[in-house]
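Going by the order they are written in, the chains are A, B, C and D; count residues from 1 in each one.
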Amino acid sequence: MHVRHTTEFTVEFGDCDPARIVFYPNFFRWMDSAARHYFVAAGVPSWHETESTDGIIGTPLVDASAQFRQPATYGDRICVDTSIAEWRGRSFVMKHVIRRGEDVLVEGTETRIFARRHPDDPARVQAVMPPERILRMLR
Amino acid sequence: MHVRHTTEFTVEFGDCDPARIVFYPNFFRWMDSAARHYFVAAGVPSWHETESTDGIIGTPLVDASAQFRQPATYGDRICVDTSIAEWRGRSFVMKHVIRRGEDVLVEGTETRIFARRHPDDPARVQAVMPPERILRMLR
Amino acid sequence: MHVRHTTEFTVEFGDCDPARIVFYPNFFRWMDSAARHYFVAAGVPSWHETESTDGIIGTPLVDASAQFRQPATYGDRICVDTSIAEWRGRSFVMKHVIRRGEDVLVEGTETRIFARRHPDDPARVQAVMPPERILRMLR
Amino acid sequence: MHVRHTTEFTVEFGDCDPARIVFYPNFFRWMDSAARHYFVAAGVPSWHETESTDGIIGTPLVDASAQFRQPATYGDRICVDTSIAEWRGRSFVMKHVIRRGEDVLVEGTETRIFARRHPDDPARVQAVMPPERILRMLR
């Protein structure tokens, strides 16, 4: 898998906590956004649209992890480099490397599934094989 | 280490995304809060106070991970069971199990350090051995 | 209108910014949650349910305002007292008073409509008269 | 006052709620960021720096309000046009107009003070006259 995508963010005052560094769940927020921008860059339509066409409501998480190497603070410009590291049938692993200039701040992974609403209970979601036309966009 | 602490949260409408399930970074937000409540329950003062007394500005993350087993939605009452799973000198591992009733929704870990401001550059933080009086509260 | 409801929240570390006080958009987040809890306390079902029964997808905001009288910080326990101050046909005004003990921290108002998806464009929402059975729960 | 500044944001999936539109407190989050970027564009240093030089820890809110004219959803690119509408001694009013292309989505105001820590109680903040060198940057 060779598609890569870089998403830029600015760290805002409100993203930081009383220790004056990024409140860490925000790094996962940026990874989630970077994952979405990755799909958009590859040509995948909005989940609202795929819900109508394929029943796919999104790519919820099965697992997420991050190693925090250096903190960031407000005013910093950060870049998230995103790629798909592995396909595993109904799930896949996205890798995100967050940098400020040359410095790696965070390395994270997200294991995601393609999900549709459960046919018996719309409050639950269900993993499905990604539609072929979406897979073709991604590899 | 046998100290355990349970923190309760209500999932709010604004915690959920267009898929009508919790936007996953919020689970890390709740783990971070549960970690803080764990310290408070053990008698550890506010980081603002420990900054004056010990130079400790908080316990920033080195690593965080979560396995998402079942989604939650708004109106759900969730409990986070927190314990310290491992001490590793300057770092330690907190374990969080998030339940709705009997159902385990998320299992997460946070590896944290005790941090003070770097003496040469207050924008950076530095791992330090936890002060003995704080360690005594935690084990 | 005499129905009142009080919702309690704990101010968390991550709700505070580098000035060590609550990052102010969080007060609107708590008002929004308090509005939802007000409806639940009055017997109004989830918006997901009302979408099926009445087409109502929620009560989006037309206007919001807040006066910030005193700051709050992490560890504070706050109460939001919510009431409906005024009915205006398709819109209504909710009043929220946020206290820490006896101290009033914030006074806010939210002007809301009952909304359904626009019949010509599901991406837009449209104000509708509240269904009579919901109105009866609220006054 | 003729200084104006425009800040751009992308609405992310996680900024939206189960109604698939922006969860409204995020508009205040963007206004707060736009206010900060306005100051930076005018040459005002970080609050961390002004705390050392002038004791100014930031410009906390006295009052905030917004009129929501049209919703936004994820993928939307929005612009916040910021200006200072009024100076009132220790407080001042910032005006924010949030647009998507030509459409005005939100009009908001923030009344702010220049704050320092209260000399008798560092947990409280106190309004002060803005330092002359900062005022010169802003008008």
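Criterion: a residue touches a chain if its C-beta (ideal position, glycine included) is under 8 Å from a C-beta of that chain, and two chains touch if they have at least 3 such contacts.
Note that the coordinates shown come from a computational prediction; the quantities given were computed from them, not determined experimentally.
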- Chains touching both chain A and chain C, listed by label: B, D
- Have a look at B-C, B-D or A-B and name the one that copies the A-C interface, over half of its contact pairs being the same. B-D
- Task: Compute the distance, rounded to whole Å, between the mean C-alpha positions of chain C and chain D.
- Result: 22
- Message: Suppose each chain is reduced to the average of its Cα coordinates; what separation in Å results between chain A and chain D?
- Response: 28
- Message: For chain B versus chain D, what separation do you get between their C-alpha means, in angstrom?
- Response: 30
- Task: Please list all residues of chain D that touch 2 or more other chains.
- Result: 13-14, 17-18, 20, 23, 25, 29, 32, 47-48, 58, 74, 123
- When you draw the chains as points and link the ones that touch, which shape shows up: line, ring, star, complete, or other? complete
- Task: Spell out the residues on chain C that touch chain A in their complex, using ranges where they run on.
- Result: 13-14, 16-18, 20, 23, 25, 48, 74, 123
- Task: Write out the stretch or stretches of chain C touching chain D in their complex.
- Result: 17-21, 23-26, 28-29, 32, 47-48, 57-58, 60-68, 70-71, 73, 115, 123-125
- In the complex, chain A residues that touch chain D: 10, 12-14, 20, 29, 32-33, 36, 40, 46-48, 58, 74-75
